[in-house]
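In this document, chain identifiers A, B and C correspond to the written order of the chains, with residue numbering beginning at 1 in each.
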Amino acid sequence: MLWKRVIVLVFLSAFISAGYCPAAQKGGEILVSAAISLKEAFEEVSSICEKQTGIQVRFNFGASGLLQKQIETGAPVDVFASAGEKQMDDLQAKGLIISETRRNFAGNTLVLIVPAQPKITLRSFSDLPRPEIGRVAIGSPKTVPAGQYAEEALRNLKLWDALQPRLVLAENVRQVLDYVTRGEVDAGIVYASDMAGAHGEAAIAAYAPKGSYSPIQYPIAVIKETGNRADAQRFIDLIISSTGQAVLKKYGFVSSR
Amino acid sequence: MIWSALKLSLLVVSIATLVISVAGTALGYLFAKHAFRGKDILDALCTLPMVLPPTVTGYYLILLLGRRGLIGKPLFLLTGWSVAFTWIAAVIATTAVALPLMIKSARAAIESIDADYEIASRLMGKSELETFFRITLPLAGRGILAGIVLSFARAFGEFGATLMLAGNIPGRTQTMPLAIYEAVIAGQDEQAKWMALILTGISVTVVYLTNRLSRPKERR
Amino acid sequence: MLDAWIRKQLGSGGAHVLTIDVRVRVTGGITVLFGSSGAGKTSILRAIAGIVRPDEGRITLDEKVYFDSSAGISLPMQQRKLGYVFQSHMLFPHMTAEQNVLYGTNSDSRHFARERVRALFEMLAIQNTVARYPHELSGGEQQRVALARALATEPVLMLLDEPLSAVDVATRSRLLEEISAIQQKSGIPFLYVTHNPSEAVRLGNHMIVIDAGRIVQEGSPLEIFNAPKTAPAARVVGTENVFVGKILRHQSEDGTTVVDTGSCLIELPYNGMPIGSQVTVGLRSEDIIVSREHLTQTSARNVLAGKIRSVITDVDKVEIVADCGIDFKVSVTRAAVRHLHLEVGSDVYLLIKARALHVLA
């Protein structure tokens, strides 16, 4: 008898909370899944968005791959902004986004970074194979987009084989930055935007030569199962607008090509 | 960011711990005292979240409860509501991950009691339920409390499964561990540091208080 | 009246498989289930209580059917209205003595329940344990509380599983008298399991001897102990002659005490027990000498005249039962039997040294 009452109670409270925490379908609110690297830029854009249009933007920051998985399993997301094209391609192939709304909204550049007080002076990527250089950190190419681009650049620059035994693979870009800052490694490869938040802990030694890696594009799109296409589109429009682009530039991103 | 994460964590963990305490003790008792068909399979299923990485547990949960999930799909079609990405999902994920700890602790505590105590109670005319509340529970009390503290600790630090099923939405599902993760990745070290301190402080305080309160009475 | 036919196989394969197949009947007074460890006595008790389920059988108490395998009836433990005293008391450690005893009472009327419990505490002389916890009590006090707790439920039958085995010898004697008194006062039949001959003899109106899961003899305890009818029964009761008597007088200068068994006087080594108190005496069958003539010039303080009732011949010994007012088991060699021409009906004298007689608890 007791457990029957408990079950009723559970369902009741579930429904009540559903009303209490409004689903994204309600007008004026959207849920944006975005790569963590976009956090500060997007948070700033969202407050502009709220002031200008009254739309409430809720964020779900995470690793692009994880966000993709969530959308595939039916997460109630309205907009997806990925740090890599692969994740968006996969969703598009599965028919989970509204293809017409897909845009590249930002780009990024690959940089070589060193500790603020480097023991060795590096001036370009080609300095890396020097014997004085110990370990070099990059994001793990398997899971970190920045790592994939780093590998591509190193391969194209014919530095990959020489550097392979000295590479330290990190789980995310933050880790790479930490390693460099603490001097655990002598150099690291990250995005220029990652350096926007670093205050004197590390320094950019060089920019990867143009053409050594494919253009880094950040795609954004409206999810097909959205309950609020209009507001979702308005958010994307804002990101692409000069206002949005200015914010992104502030945080180290470049305009998409 | 800190305060909403803290509030959410406290809410999610309190509810989860409550559910775990009751369900875990009940299941622990069931496993300790009763034989039934499929017992071994149920036992394995209940142990699974302890063995799997939390992310995998979260993945199974979202497969089950997401809008396209086994249970989630009919629920969505019926009510237009999905549990994923709500604070309830955080409670579910946390409960799933910490429940096995409670079940094992409760079962061990109950099994360690000489069965003749419960038999004596039954022979004196008491039902199984009354025997459970008046004899089994008091005698197994310490072990069960230890299980609750263990589950609470696990719940408070829960990350992987919550991230999968509930997402990382500040103000709605971003618990402390998720907030700390986000702050670290985004380079917001100050925030991360403070939150880690608060998390540690609360955990240590709770465990300490529980140990003090459950100290055995002074024996004359 | 309890009628329990129980058939159960214990253990699974391997060496220690014991099959219980008994029919136990308890009418009134104290019935003793006697046997050595592992004979199955406790299992029988637990089957009657409903703690374990027989493979086959039928258990009824008065008109009520507790168990019937053919009809698929098995009354759950809590409905059997039995009082159970465990070997290790099993008093709830988190409750005081009073709370333990109150536990089994129905709180239809709190007042009456408390009154009854108070009366029980008085009857068992444990008023000073009321507010204390089990771990603070002595072994004897614990078992008394356990007894009170079982009685408090107003059972129709009391089951006791070797309740005195963990109690020291001195306390045991006192407790035996009290248990006997309580049974008589309450009128509730007791089924008492033990492997101790002294307890069996002091308490039992009726004794059932269990060996390897089966009943090997039933009857009066003294009779069975001193005149077992079959070899298995004899094996179980052992070579001990057991009888009960009252201290008649002490002869301190001689260093002896005289005990009146009701049918003959026996002289034991001096003990300081009060005149008139009950005493259980043991005597090994190997310690008795058989004589065809009345000998006086020996060191044996006891020379008892009797007639041989039975002669059981074995490979290495002969077990004789002689009636000297009480039956005595005597163990002699075949040579002796031949030499003295001992047979049923022969008149003999039993020579028993005082020092061969020992006081059992």
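Side notes on the structure shown:
We adopt the following convention: a contact is a pair of C-beta atoms (placed from the backbone, for glycine too) under 8 Å apart; a residue touches a chain by one contact, two chains touch by 3 or more.
No experiment lies behind these values; they were computed from the predicted model shown.
Because contacts link the chains only in sequence, without closing, their graph is best described as a line. Judged by contacting C-beta pairs, the busier of the interfaces A-B and B-C is A-B.
With each centre defined as the average position of its C-alpha atoms, the distance from subunit A to subunit C rounds to 85 Å.
Per-chain Cα centroids separate subunit A from subunit B by 32 Å. One inter-chain figure worth recording: subunit B and subunit C are separated by 54 Å, centre to centre, where each centre is the mean of the chain's CA atoms.
Residue positions of subunit A touching 2 or more other chains: none. Interface residues of subunit B, counted against subunit A in their complex, comprise 59, 62-63, 66-69, 72-73, 76, 79-88, 163-164, 167-172, 182, 184-187. Across the complex, subunit B meets subunit C through its residues 114, 116-117, 119-127, 134-135, 138-139, 220. Chain contact summary for the complex, subunit C toward subunit B: residues 49-51, 76-84, 86, 88, 90, 92-94, 103-104, 106, 136, 149, 153. The part of subunit A that touches subunit B in the complex is made up of residues 14-15, 17-18, 21, 23, 25, 31, 33, 36-37, 39-40, 58-62, 66, 69-70, 73-77, 172-174, 177, 197-198, 225.
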